[in-house]
Structures are given as structure tokens and as C-alpha cells.
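Note that chain A is present in both complexes that follow, paired respectively with chain B and with chain C.
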Partner chain A sequence: MTEASETYTFTFMREVSGLLHAADGNPFPMCVQCGTCSGSCPVAAYMDYTPRQIIAMVNAGLKDQVMESNTFWYCASCYQCTVRCPQGISITELMYALQRYSIWKNKYKEGLIGPSFSEAFAKMIVRTGRTFEPILAPSYIFSFKLGEFFREIQNATELMIKGRLPLLPAQIKRLDNFKRMVRRIIPMGGVE
Partner chain B sequence: MKEFAYFPGCSLEKLAIGYHVSALETAKKLGMKLHEIEDWNCCGSTTYFHIDELLAYTLSARNLAIAEKTGLDLVAPCSACYKNMYFTVAHMKKDPDLAEHINYALEEDGLHFSGQINVRHLIEVYMEDIGTEEIKNNVTHPLEGVRVAPYYGCQILRPKKDHMDIEHPLFFEELLTAIGATPVDYPLKTRCCGGSLIISSRPAALTMVKNLLQSAVDRQASVIATACPMCQVNLECYQQSVNQEFGTNYSIPVLYFTQLVGLALGIAPKKLGIGKELVSALPVLATS
Partner chain C sequence: MEKIGVYVCHCGTNIAGTVDVQEVAEWAAARLKHRGVVVGREYKFMCSSLGQELIEKDIKELGLTRVVVAACSPHLHENTFRTACKRAGLNPYLCELVSIREQVSWVHTDKDMATAKAMAVVSGGVERVLHHEALEPLKVSIHPDTLVVGGGIAGIQAALEIADAGYKVYLVEREPSIGGHMAQFDKTFPTLDCAACILTPKMVQAGTHPNIELLTWSEVEKVDGYVGNFSVTIRKKSRYVKTDLCTGCGICWEKCPKKVVDDVFEAGMGTRKAIYTPFAQAVPRYPVIDRANCTYYIKGTCKACEKFCPTSAIDFNQEDEIITVNVGNIVLATGYETFDAHRMAQYGYGRLPNVLTSIEFERMCNASGPTNGEILLRDGKSKPKAVGIVHCVGSRDKNYNEYCSVICCMQGLKFAHLVHERTGAEVYNFYIDMRTPFKGYEEFYQRVLEEGTHFIRGKVAEINDAPRTPEEQGKLIAQVEDTLVGVQMRIPLDMVILSVALEPRHDAKETAKRFGLSCSADGWFIEKHPKLDPVATMTEGILIAGCVQGPKDIPASVAQGAAAAARALGKIHAKEIALEPVRASVIEEKCSGCRICNGLCPFNAISFHEERMVTEINAALCQGCGTCVAACPAGAITGTGFSNEQIFAQIEGLLLLNVGEEPVPA
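Up next is the complex of A and B:
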């Protein structure tokens, strides 16, 4: 590596900043570590690191530890942290950015359902334009414990009896146009 | 007659069919017309943003462009659809480059979104456009003695829209009072139900659901009222999972606010999709 390219190696903090939507300008490097986010988060107890810790770790460049944590995949997207942050940081958007970063790098903590579920969900939408719940099941159900596995099937059966589960996938009418629209956003991306 | 463009969203096709039919029935009774927009697509829910932010906005923008042609305000009954569409408008208005890029993609479907539309949540329309006075005037079967936990959930309040009190909202309580029910003081009313974590991080989500159920039981609520299909499914369809996981014995019905309003307006329960619950709402009907 030449000296010049070393100088221009981005820090993890700058890499993550670049993943956030331009219109949002998310000032997470300005975090004062007050912990309001962690105190407001309903899922913090289940996270490897709390939201406050994750922000500090991103800012300190601890990329590997951040990527190997479950924190951003456990964000429920409830925005309680975001509306209370005194520095105006959208912690939720930061969690989304870390999810995208981890999918892009194909690097995440083993055993998480989030990444494969998100992927199945995304593919379903670009193929049909609509959500069809049954098609998502294989992305998660086999990682469940036996009790949960049967509970899930029982739930689905009861919902089907009540007429609350679709049997056939819906799709939009102008699907060809829709797919071309998607290709104008993601030129090559995953649409057959 | 008040008219609105209506975006039902994927859940309301089946999983939350009760919300859909009760929205249409109550709207009719209250002199409001909901025109379903043509050939709408999925809004991307909370899961699409994990993959690609730009495409997530584009998915919403297609629906917004279709709705804009009607010249009416766009109403969404699902809180996640509402939040996605509301902020897509805000971002596209603020960022002309983003708008241009998205509109370039929309050309493929012969569409263009200029940002001239208001996105509203259904419950907001009930409160602001119809109003509690008008609703009260139409009540024929007040839900006297029915103790209801008003559950706001997240996306309807957060991120903060222009106009709402996000820490101590009271509009749900006001609506319940207008139909003769008794809203209970529900301290967890704006706490998250877990959303899609019910799939991806089940132990965490079940604990969140359990806390919400316990809080409603502590306040002697006989029903939980929601304004979001995701909240309804998590709180109702996963009650048995909570019971199995924690050895509890919860059996509290979870109805959409439109179903409760419909009952008070004297609409037959079946027309409101009541009877499709996994936790029967009959005890509620018996007390009113």
C-alpha cells in the first residue's frame, strides 16, 4: 500500500456516515453518550451491546465487534430512542445503515434470523409487488425450537380457518412496469 | 361528503381483513368515502429499509404518485404504511435530487410524483376530519362499561410527525370516550409490540408482548384497541405463544378501533369482521 492510499483509508465512522441517506444528515459522531437511547430502548436487554455502546464503538472504529453483534438486527424500529435523543441523532436510521452494511459485506453474527428474513422479504416484493406471508416462512421457521415450530404451524392453521391467511400470492397488475422501475434503482439487482 | 384516497396495504387484504371491512363500514356510516387506489404495491413495511433505502422510498413513491392523481388526501389504516409514505413525501420535498432519481424510475410505469399530497392515518382522519362530536351524534349502542386499553404502538407517533404529542397522546382515549367506552390508564400505550422481531428475535418480542398484555390486565381492561395490523397480530395471535413461554393464562381480545366504533354505531359484528379473532371478542360484546 502506498502512503497516499493509506492516508485516504476511510475510518469506520466515515464509512457508516456514507451509508445514511443524504437528506437525513445523521449526526451520530456528535453523540454525547448520555444513554437516553439505551434507557428508552425496549429491546436493550436482549442486545449484545446497547445502542449507546454501539454508537461509541462505531465512532471508535471497532468495526469487527460491531459487525459481530446482534444489536442492529434486534432493533424493532420503534424510534423511541430517536425522538428522545438530545443531539438529534436518528439511532434507528443508524441501525438500518448497519444492517445494510452487514448485508453488503455479507458478514453477520451466526444464528441470526434477521438477515435471511429481510432478504426473503425484499425478493418477494420485487418479484410480485406485494407481500405474501406464507412465502416468508422458510426463511425462519426451521431455525425455531420444536415447541415454537409447532406453535407457529398451529397459528397459521387457525388463521387459515378464520380466513385470515392468503392461499395464493397476490401480485400487482402492471408488474412488468414495476420490475423495470426497480431496475432503474438497482441496475442489476436480483430481479429475474 | 368527505372523500379520501385509500391505501389498504397488504395486511388488510387477509391477515387484518377485519380492519379493512370495519374501516369501510364505519366510514360509510359517518358520511365519508374511501376510494381504494388502483394497482397499489407493498410499501416495504419496516423490513425493506434493511436492504436498500432508495428502493424503499421508490416503493412508497409509486403509491403516492397513483394517489396524487385523485387530488385527494391519502389515508392509510396501517401505521407502518402511514409512516413510510409520510416520510417519503417529506424526504422527496426536501431533496430535489432524490425526487428526480425516484421520478426517473417512476417513468417506467408512466407515473410522476410532485409532492402535492397529504398522507394521513385513518385514526387521525376520524379525530380531525370527522371529529368526536360527529361520532358521538351517530352512536346508537354506546359501549358502556367496556374497559378498553388504548394501544397506540410506535409508527403512528414516531418518528415525530409535525403535529402530534408523542410522549402523552390522548386522541385514542378521546375517541373511546366518544363511543361510550371507558379508556383505562394504560402506561405502556406507546411502547413497542416488537414488530417484525416476532419473527427475527422471538424471545425479545414475546417479552414485549407479555409486558403489554400484563399492563392491560393490571388495569382491568377487557379489550385492547389498536390502530395497526402488526400490533394486532403480535398482541392477539401470539398470546398463546406468550402463555406457552411464560406459563401465563392471558385471554384478552384485541380489536381494531374501527371495530369498536362500528359496534357503537350499531353495525352488525359480522359486517365488522368480528368473529375472525383467535381470541374471541364475545365477552366484550356481552358487556356492551
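Up next is the complex of A and C:
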């Protein structure tokens, strides 16, 4: 909380809107704050702010508070909010847009797995066109606590024994084309 | 040589703010002089009486033979300026109104460009007016009888107003009794009057009025004719009861062994017999036999009703009767239907027994309803301890209906009050916005607040019966974000009432076509002007009242019914009506008889003359829309006031082909 009262600035709202210009659905400033999204959200209880509040905060330009929140990193991508939204806003896409924005501006809440995972994931995809769990997992696994770390290793071993985890990394054909495509469609903030 | 006067309106700053009106007037006087313009003037408000006098004075003093007014859309002031011309002795159809407001000043920002466009528009008007002909309006007589379609409160009100004024009314109703949705309700907001107590006197009045002919259990099949002279074909569905013998004693439906779930009046909450009147105070009192469910029609035996009828009024062989009535005006008050709550699966309607729609709850509250007015759970015994009322079910939702259903907020408050009064249960109103305008509504909201109803601002995300805690065991759970707190809540409830949206009748589109009207994309009928002409339609002689035009509550429906009646009475009193002479006509020599235009006419004005093999247009039905003129491949149809010469001349004027290289000295 700041001491002086806030005033509205719309730069943040416009920047985020820009990230959604190609997305389905109506522009999120059309939100009427009915709360259907947050009522439907299976992880709302774990979020700092509900998705509805995040929309209001983006509209009000409260950038620092939004970037400091865990809301969009906790989105489970179930799309329930998007399906039910009476204003036809694609809230899930907004959550993704905020994740991208957060990485782009390199501002996010401390202690979250989401940002480092997303970054590692995106980098891997851009590099090879495919995910490869044995590399992907260790790249963010150190953010876990010790107990979780061992549990993850145990899981991975079991998966590998059952043949559910590949031993060798796969690569897609014509990777150069793919990389060029990705460069054109995704703003590459923070990702090479 | 014609003498043309050009008058440019400032419309305050509406036009003058974007268009240099003085320059336009001077330009017209100078550069269009060789086309006959003798005077160009501008004035702050041409539509004011001083502005009109300006035109009248010029007609008299300068001997103007044509007038061009550059102002707003003809929709608004064409009539004003035509009448001004008429007063000065000029045929009103020699006046042309061109729009430099809607089509110029309101849609442009660059003043120079807008001024240039205004000049072009004026020039087009000047060229066009040169081709105008002096026309006389078409006069048709008005039949004094009126048809009212729909016997809900709006239709009853319209019928009574006209009948009380001394004119005959045919009141057609699809169901066996008049009364409409209002007859289903128990109380009415905001005064909590008993719906039946205030409605049934009006029903009785309509039923016994010497000027009202009730045609219940009937439907309009066909509408021919035009304003003042409609000929309407009505199907009187067979009741299988001779109404001249029936006394409405009720022995037949007491003795009838077949019980049927009543999906219409009781909204599925109660039963009726196969021979029935929908409710005790039905008007008329005669029952109908529901042929689809009657044992006699299914199995060939029974006839219990016939055996017990003391006046031998039952007639199993009765057939539908088709009648034709002639009327001068038609009032459509066909009302609404409610949103099918099954469509929003997240609310569990149909799956969870104690999730009710608002209409079902209305029946439950009604003293003559299935529970005699007791608010009970589906087990028929226990009273709810917590009731949730969900607003905006199917309205204000782009997935279903975008519009607001108007009545739900007040209805939710009414329900809250009734639940409090009759059960003492905790009541939760889940709303997005509380909308309580109009007289006494906000006060009612305050009263319900005082009673201790909980208001939770948030649209309910889902209703389920999957408990997570012991308190939720055996309850319905409303999952919702309390948006004023910003926390997701799970609220255990015993009963949930869904305030379902009002929707147009499922057959609204066919009805609109039958009567020559248009529907909005939502399906509500379109009024002539959303603010200034809410009960008239674009089809002369056809009026709309009540929810057929859009969702509204009882006071508004009654007001519209009365307004429509006033409109009809005005026409009846005038005895004849002057129709715009702007009509399409067929040049018979050019007509190939291809019939392409026949099906296109939105007003059913075109018919085909089989013997002469040419198309004919009924001048009284034609509204001059021009669809057929544009469609005719042979160019055989011409519109008065919209002839090819006029249109081409206007285009040439717009392109400034008429302006000479050198300005003609003033």
C-alpha cells in the first residue's frame, strides 16, 4: 500500500492488450467484474488475487502489484473461466499474456517455480522444437526443497523404467524454419 | 425555369460546428444559379417556427417552385418542411430534405472536407428536386374494428382501452384462457399486490365487455391488406366443447380420469386433467380437451366427460373453425418465453431437484399453485433453511442473450421477501449489478435489505451437490466469488432459484413475417423509434405492446398496451389516413412476368396477375422501400420519388457535374 492515493495509468493495460491482439475473445477491458471466472477457478483459493481482481488491477494500471502476484503463474489452464465468461473474454489467454509480460520485463514474485520453468521450457522448445524431460526437469528442479527433490528423482526413475521417459533427446525436422517462425510470432523478450 | 430555394441549417453547433454553413449557402446561391437556385440562406434552427417562416416567406415573395433543405435526416424533419411548403401553397412533395448532419457533420472532423461534402450533398439535392413531381397523398379509410393478438396484461389493457372508447376489438389468445404470464404469479413487485387480485377483474371485464370478442384457443394464420383495411384469417382451434351449452361447472374435469403434467401454466410443477381450464379464474370459463392426452382419442373409449356433462356440451367431433375478420388496426402483444435453464449445465437445472426456475418458484408461491403457496423442497415436506437466488441466468451473457432482462433484480427481491415471510430461511441474492430504477423499486430494495437478505455481488459459477465439508453434506453448494471481498466462497443451500432470462417467443420470427414486421437480432420486434415512437412499427397500422418489443415489467407493459390503444383510437377517429404517395409502380409493358420481385416484398404488397401475366403492386400496402425497384431485372418497376432519373440526377449533382467552370455572378 502506498501512502498517497493512486491514480489511473493505462500504459500497462495497453501493453498487455497488445500481447493479446491476436488472441480469441473480447478485449479484457470489457470485463464487468461479475466474478464468474474466479468462482469457477479451481485454484483461486491459492492465488494472491482472484483472476477477476487481476483484470481490475491491470485495467487500473497497478503493474507492480500484478507482477508481484502469483495469480497468473498458478493458472491451471483448465479454461473453465473462458468457457463461462459472460463477456466472452479469454481469461486464460490473459493469464498467459501476463506470464509472457512478466518474463519479458524480468519482474516476478520471488520463490515461484513458474517463471524459471517457463523460461527453461520456452528456451528448450526454441532450441530443439521438442521438450526433453531429462534435461528440462533438472534445469529448474533446484528450486525444490530437498524432500520434493528426491521424490521427483524417484518419479523420474520409475517413469524411465516403464519407458515413459525417453533417454535420448528428439529433434524436429527443419528446425531452422521453425526457429524463424517462432521469431516472427513471439516477442522474444528474455528468450534467445 | 424552376426557382429553387436552398436552406442550410446550423442545427445549433451540430452542423455548424463542422460545416461552414454560410459558405455552403452562399456557394449554392452562386454556383448553382444556372440550375435554378434563386436564394441560399442559412439559419440557426431551420426547424424552428422562425426558420419555417423564412421558407414560407420566400415561397410567397420570390415565387419558389422547389425547396431544398440541408439539415438533419428526413426521418426527423421531412414532415416539418413539407408542411411548411404546404402552408405557403407549394406542393409538399416539391421539397427535398438532404442530410448534412447524420451524413456529414456527425461523421467528419475536417471542417474543409466536411464543407465540401455538404456542398456536394446540396448540389445532389438540387438536381434531384428538379425531377420531383407534385404528388397528392393517398387517402384510405380506416375500419373501426381492431385486432389485439395476445391476451396477456398488455393485450388485455389495449383491448379494454379501445373497447371502452366504444369500438369493437377481437382479442386473440393462443392458450385456453387470457391472463398470460401475470396470471401465473402470486405477488407483484414493488407493492406486493396479489397478481390475481389485480388481474382477474381486468380479465372478467375483457371477457364480458360488449365490444370485445374473445377468441381464445385461437391463432392468427394469415394477414392480408393494409392499414385501415386488414383482413385477418384466424384459426379457432376446436375445444371439443360447445361453448354455447357449457356452463363451466367443472364436472368434466373433476370426472376426467387422465392426469397430465401441466408444462404451460404450472410450468411443470403441477398437473391438470385432459379436459381442463388452465386455472380457476380462467376467462372464458369453458374448458378445452387436450387431444394428445385424452384417453378417448388415444384408446377410443372413456368419454367420462361426455357422460357426466349436465348440458351435453362435449362434442368429440368438433373441427377447427377458420374465420376471417376485417380490422383497421392490429396490436401485437404476444409477450415472451423464458430461457431454458438446461442450457447452462453448470447450474444443474434438471439434474439437481431443488434447483428451480423463477417461473416454477412463482407457481410454488402461488396460493392456488401446486403447494398451495407453501415454499417446500421437492420432497414436498421440508422447508428450506437457506435459499439462493441467482440473477442473470441467460441474460447479460454473450453466450446466451446479451441484453438485460429488466425484471430479474426486482423479481429476486420479491422472492427474497416471500422466502423470508413464509420460511424464515436465510436468503442469498447473487447479483452482478442491482438495477432498481422506477417508482418505488429502490424503496423495495431497502426494505428487503432491512429484512436481512444477504446480497452477494458475484455471478454464481456453479451449483453442485459435491460436498467438501460436513456442513455441505446433503446441501446444494453455490460456488461464487464474493467480488466485494475478492474471495471464492462455497455457500451451502437447500434451494436455488434461477432468475431465467426473458426471451422472444420461439415463433417470433414467423409471427413477424406474418404481420410484415422486422425483428432485432435477438428476436424482439422493432419499434418505429426507440424513444419517440415505441409502440408503432415501420408497418402502418400495426402496433406493438409489452414484452414483444423487449423485456419489461408489468407497469411498462400496461403503459404500452394503453399507448398502443391510443394510437389505434387516433386512427379510428380520423376515419381515414393519408398515406405517403411514395410508392412503387409497375410499367406493365416492361414487365416480363419473371416474378423475381414477388417474394421479396417485405410488406406483401406485390401480387401476380395470372391472366395478364404481369406483377401488380398494391399502392396502399407498398411502403416505398424500393426493394422491388432494385431487384427488377427489366427495370419495369419505378418508385415515385425514387425514379431512375431522380437517382441519376442526384448522383450527377453529388459529383458536381452540374457546376460550371466559371462562377455565375450573383
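Some notes on this structure:
Keep this in mind: the second predicted complex is superposed on the first by the 158 of 192 C-alpha atoms of A that agree within 3 Å, B and C clash if a C-alpha of one lies under 4 Å from a C-alpha of the other, contacts with A are read in each partner's own complex, and residues count from 1 in each chain.
As a convention for this text, a contact is a pair of C-beta atoms (placed from the backbone, for glycine too) under 8 Å apart; a residue touches a chain by one contact, two chains touch by 3 or more.
Computed from a prediction, not measured in an experiment: that's the story for all the values here.
Placing chain B and chain C on a common chain A by superposition gives a fit, with no clash between them. Look at A:12: by the touch rule set out above, it reaches neither chain B nor chain C. By the touch criterion defined above, A:108 reaches neither chain B nor chain C. Of the two partners, chain B and chain C, it is B that touches more residues of chain A. Residue contacts after overlaying the shared chain place A:50 against chain C, while chain B stays out of touching range.
With both structures placed on the common chain, the touch criterion links A:173 to chain B but leaves chain C unconnected. No C-alpha atom of chain B lies closer than 5 Å to any C-alpha atom of chain C in the overlay. Residue overlap on chain A between its contacts with chain B in one complex and with chain C in the other: 45, 80.
Partner chain A is touched in their complex by these residues of chain B: 10-11, 13-17, 39-42, 44-55, 58-59, 62, 91, 94-95, 97-98, 101-102, 104-110, 154-155, 158-160, 166, 190-192, 194-197, 199-205, 207-208, 237-238, 240-241, 244, 276-278.
Within the complex, the chain C residues that touch chain A are 346, 392, 396-399, 432-433, 457-462, 479-483, 486-488.
By the touch criterion stated above, chain A contacts chain C in their complex at residues 26, 32-41, 44-45, 49-50, 52-53, 80, 84-88.
Contact residues on chain A toward chain B in their complex (touch as defined above): 21-24, 42-43, 45-46, 70, 73-74, 76-80, 82-83, 90, 92, 96, 99-100, 103, 112-114, 117-119, 121-122, 125-126, 129-131, 133, 136, 140, 144, 147-148, 151, 154-155, 158-159, 162-166, 170, 172-174, 177-178, 180-182, 184-186, 189.
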